[in-house]
Amino acid sequence: MPTMRVNQAIATALADEMRADASVMVFGEDIAEAEGPFKTSEGLLAEFGPLRVRDTPISEMAFTGAAVGAATLGMRPVIEIMFVEFLGVALDELVTEAAKFRYLSNGALSVPMVVRASVGSGLGFGCQHSQTLENWVSATPGLTVVTISDAQSAYGLMRAAIRDPDPVIVLEPRTLYARRGEVTTGEAGILPLRRARTVRPGADITVVAMGQTVGIALDAVAACDVDAEVIDLATLSPWDRSTVLTSVHRTGRLIVVEEAPLTGGWGAQVVATAASEAFSALTAAPFRITTPDVPVPYAKHLEARFVPTVEDVARQLRTYLDTGAVPQPWWVLEGVSA
Amino acid sequence: MSVQLDRRSEIRADARAAYARMVEIRLFEEQVNELFAAGLVHGTTHLCQGQEALDVALAAVLRDDDVVAATYRGHGIALALGMTPASVLAEIMGRSTGCTGGVGGSMHLADMSIGLLPTSAIIGAGLPIATGAALAFQTRGEDRVAVAVFGDGASNIGAFHESLNMAAVWRLPVLFLCDNNVYGEYSRIDRTTAVLDLSRRAAGYDIPGESFDGMDVDTARTAIAAAVDRARNGGGPSLLEARTYRFAGHSRADKALYRPEGELEEYRKRDPIAVRRSALLAQGVSEGELAAIDARVADDIAAVVATVSADPLPDLAAMFANIWTEPAAAAR
Amino acid sequence: MPTMRVNQAIATALADEMRADASVMVFGEDIAEAEGPFKTSEGLLAEFGPLRVRDTPISEMAFTGAAVGAATLGMRPVIEIMFVEFLGVALDELVTEAAKFRYLSNGALSVPMVVRASVGSGLGFGCQHSQTLENWVSATPGLTVVTISDAQSAYGLMRAAIRDPDPVIVLEPRTLYARRGEVTTGEAGILPLRRARTVRPGADITVVAMGQTVGIALDAVAACDVDAEVIDLATLSPWDRSTVLTSVHRTGRLIVVEEAPLTGGWGAQVVATAASEAFSALTAAPFRITTPDVPVPYAKHLEARFVPTVEDVARQLRTYLDTGAVPQPWWVLEGVSA
Amino acid sequence: MSVQLDRRSEIRADARAAYARMVEIRLFEEQVNELFAAGLVHGTTHLCQGQEALDVALAAVLRDDDVVAATYRGHGIALALGMTPASVLAEIMGRSTGCTGGVGGSMHLADMSIGLLPTSAIIGAGLPIATGAALAFQTRGEDRVAVAVFGDGASNIGAFHESLNMAAVWRLPVLFLCDNNVYGEYSRIDRTTAVLDLSRRAAGYDIPGESFDGMDVDTARTAIAAAVDRARNGGGPSLLEARTYRFAGHSRADKALYRPEGELEEYRKRDPIAVRRSALLAQGVSEGELAAIDARVADDIAAVVATVSADPLPDLAAMFANIWTEPAAAAR
């Protein structure tokens, strides 16, 4: 099994699908000649040429909409939104157009487009280039929202996303691009959309994470020496309720670890669903470990505290297992904020 | 060939059929207006009386495999492209026989068999989508053309600018066809738009731009044909501005009281149907023949109303269908 | 106490604030001469003139951003996004600019702008003009998200929003515009932001609703003859955790009634927070009554089932109180969808 | 008067001071580059060598109460407007003494005491914001002017189009100042933009448009002054295109290998600092005097690096501050 960086896994997935299917094309800002600001399209222009691999103007609305049109007319476009924030000028085409075209054509149309967007904090890009913003897209029937968490999921979910007949947005935590991992390529490496991945089986507690926080959760679990089941949600919408609920029914305890704000973050629906549908199985209060309700700060030592750290997740895990009580977030504990 | 494409062929070849289609659109819109006024339909609708010539001209120029992205003001273009009045009306009336099965409504008509992408109710949304359709054609080496039809008001939104620039840079086979009906909702174009000759904006993208009388079907056809041919032959995008007028209000409830006195009457003198009628009479078509067309179309529309009113409503499952394709739906 | 329609209450609130403060101005599409597509700015142009009351081009990005600039330079602009979907071409200016300016100026800048946006289903406007989309804005530290539920809250929250020193978005359920209610005007009628309103006190169960569903919840409670406490969340972000939690601690039972999809809807964080922070007080599973995960359908009889109906809420309330079990959503019960 | 506004006054009145400021910007950027290269700063930065003349010209023209919305490539404009090198560097280094207290970083500089709105890292975002500032001025009857500074690449985004149109319709006192440095990230303008004379786009809004040499501070000053005066006197918006060149890569890590051979060297011949130096020499300023300025500025920058490196880091509470104003914060 080759090891590769996450950005290579993405480029490899794109190349493999482009080889397999002539209708796959990619476009976005500086993704062709420069091979992507994060090198996620390395080699594509050279192999597939300028018709299928295109640099766009700085025009997110135009090229997101162009993906809708091209997909409707039989292509499988994969576009890159360099930082997910830039969807703020183009969201309409994805949420209000692409996701509705099947509905608005009595099932006659498919829009097999993929939007790839880098997300998240950790690289010092400041508050306009470090959000995750899955909330912008995740309440959209018809749109599948995926987040990758390692090289294998990058490869496997990307290929699945391209093959999916409906629009998919793949969120790529930027801090992962440089991370290496073993990757099974080819058909065997393709992972199913809309299925959570149990990345560590366990019996005592269910820990749900996504994106960057999957690795953090795994490390925290390792640090605590607890028999936790760690689930990578992988697809946020529509999410795999049954894998999570089955696990919670077994463990009776649930923590969600999020790179998303306490207010409005994605983990709430996981906790809420467990509370509704596994209420009697719960032996303690389920809870969320989130980012604080703040813009992502720039200064390195501040940004380092933004996403739940391994230490902090481990602390909360331990408190929870020891006392059964929901621990305080660090900013309350350390008295830096109400 | 389908009924729809037959309907399309007719208007290409036969001037009488093109006239009949314009009349069909006019009477259809008047009928829809009555149904809303009578409270028989809920929601809203945007009528296109005054703009029939442009819709018919465009449909007559396009090849069967070309595509169009249009707007909520889309009954005319749908009928012109060949959709049956029954299919449009059924959609407006929320019947399962409507072109989207009744879940879309007046603003959302679609039928890819005639190249009509789902009409959008978001201003400007169709321009990038048509651009993308053209991108698909270019990438696959097909000589098909995509058209975005949009209003004067839409020429002020960002998607307009981005689409024209990107289409120009990539030399895509797309026509940007602005139907300048003088108003965007309740605002006259001069109150919202810095230039009144909208085709002047073409210069910002170094593409051909032309304004023409969109109330004369022949003029419109000539202008559109030139731009479509250019696109089809690798000449890239064009911006056309068709000068029309919106005889009705913006939407269902709008009485258009904001129009300057006499303006409507002035434009009515250029009523595209009257203009067309005169032209046909001048070409020797008899008054009787035209009257017969008018009467036949009126009968047809009346019959359609009767049929569609008896069409079934979609069942509850319809609102859950066609959101995801089956594998995804099953996985949920 | 005068009675007025909700749209009149809004226009009155705008006029009252414009009289009180010369820096308040309003702009948007067709809000001046035409007095607003929903008549929410009736009389403003006549009274305050064309400098302070302006019709814009169809340019949501430009005029939303213009509100950011004008607010930063000392005005209090109130803009109208006619249908909330149109934020899909302008979201950047609100979420990524306005909400960050205080942070990015070391506290020196305030952006006292208000975005008013009509939301929701019920009037046959189809799937691109009937969403609520609070998820687009509700995970944004620095932005206050408000939803009105009747004439008084329209008046009182609108005035408070205009006075607030930070950006506020006020979501206005479109079906309410024509609804009449008694309104206390003047200072006494102003309601606090970031506070839930207990619209019906009760002891047996807490029902949280927002916007259109407040009235539905009240009617359902009345139909069931149950001593429910009905809370209008009013501000979704940051929301009033303490009012809700205090109530849940007292009643031990919680239902959220939402005009928002099951997947990604706002009620999840209310249920999740109760599950975490009032776990031991809960005597039964808390749950959500939501819209189904579908685009808003057009046909009247279908759209009528989209938002939870009074009958359906009453059914679920009764089942829940009788059995303690979480009832099925209607689409499962009636077998129309998994 | 504040230190910052004093710094602004200097460059208005005194050609040597303007030269010194250009040198300051140049050396500052080189210093920042080194700090990043040495791994002493995290995140990213966007340098402006080659564009100094434009920044200084703009600052020299503006009145103290005018405002500017600029971009992530903002060190030069901040320094030109009068922000101290210490304040900018401290922000870049994430110190509590930075202009936003260290929570913003290189892309986010702000100081309203010199009229600098928070610079935005979203392409195009500043144009509507400057338009809105101008709207505030017009509504209150103030004769202040707002300026949006943005790049060539930004001229392709929707916000550009919408802002120019709306500003034109309302005749707002705003200047749209495009710093065409030939590249948008790694793409040369001709690969993404349908017209190369960006000022041609002014015609689409019926406003004045002009392109000029942005590497000559006098030329730039004259062009900007005319547009600012026009705006101030009720003449409405203008679109100016300053022709500059980005000597550095797009951002921190970029080596700019995509540039055609010889291009950089060609532009280096027009290096704004060299151009300015020659002009001053021709005006009789001595070589020694200029060398003294260069040396003094270099010393100052070195001193600033030393000081700022010892400045305190923000404490954890800083990331929780300045999100809501106090009453709201308390209510939470």
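So that you can tell them apart, the chains are marked A, B, C and D in the order they are listed, and the count of residues begins at 1 in each.
Keep this in mind: contacts are C-beta pairs under 8 Å (C-beta built on N, C-alpha and C of every residue); 3 or more make two chains touch, one makes a residue touch a chain.
A quick note: this is a predicted structure, and the numbers were derived from the prediction, not measured.
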### Message
Farthest chain from chain C, going by the mean of C-alpha atoms per chain?
### Response
D
#### Entry: Pair exhibiting more inter-chain C-beta contacts, C-D or A-D
C-D
## Note on the structure
Averaging C-alpha coordinates per chain, one finds the centres of chain C and chain D separated by a number of Å equal to 40
### Length of the line joining the C-alpha centres of chain B and chain C, rounded to whole Å
35
### Query
Which whole number of Å gives the spacing of the CA centres of chain B and chain D?
46
### Residue list for chain D, restricted to those that touch at least two other chains
103-104, 108, 120, 122, 124, 156-159, 162, 165-166, 169, 191-193, 323, 332
### Task
Would you please write down the residue numbers of chain A that are in contact with two or more other chains?
56-57, 59-61, 85-86, 88-89, 92-93, 96, 100, 103-104, 127-128, 141-142, 238, 293-295
### Task
Note which residues of chain A are touching chain C in the complex, please.
61, 85-93, 95-96, 99-100, 103-104, 127-128, 131, 133, 135-136, 138-142, 237-239, 260-261, 263-265, 267-277, 279-280, 282, 284-288, 293-295, 326
### Message
For a test of understanding, state which residues of chain B touch chain C in their complex under the given definition.
### Response
42-44, 94-95, 102-108, 120-124, 153-154, 156-159, 184-187, 191-193, 258, 313-320, 323, 332
### Message
Could you list, by residue number, the parts of chain A that touch chain D in their complex?
### Response
29-30, 33-34, 37, 55-61, 85-86, 88-89, 123-129, 292-295, 297-302, 305-306, 331, 334, 336-338
### Residue numbers on chain B that touch chain A, as the complex places them
67, 69, 99-101, 103-104, 108, 110-112, 117-118, 120, 122, 124-125, 127-140, 146, 158-159, 162-163, 165-166, 169-170, 321-325, 327-328, 331-332
### Interface residues, chain D side, partner chain B - complex
156-162, 164-166, 168-169, 191-195, 200-201, 203-207
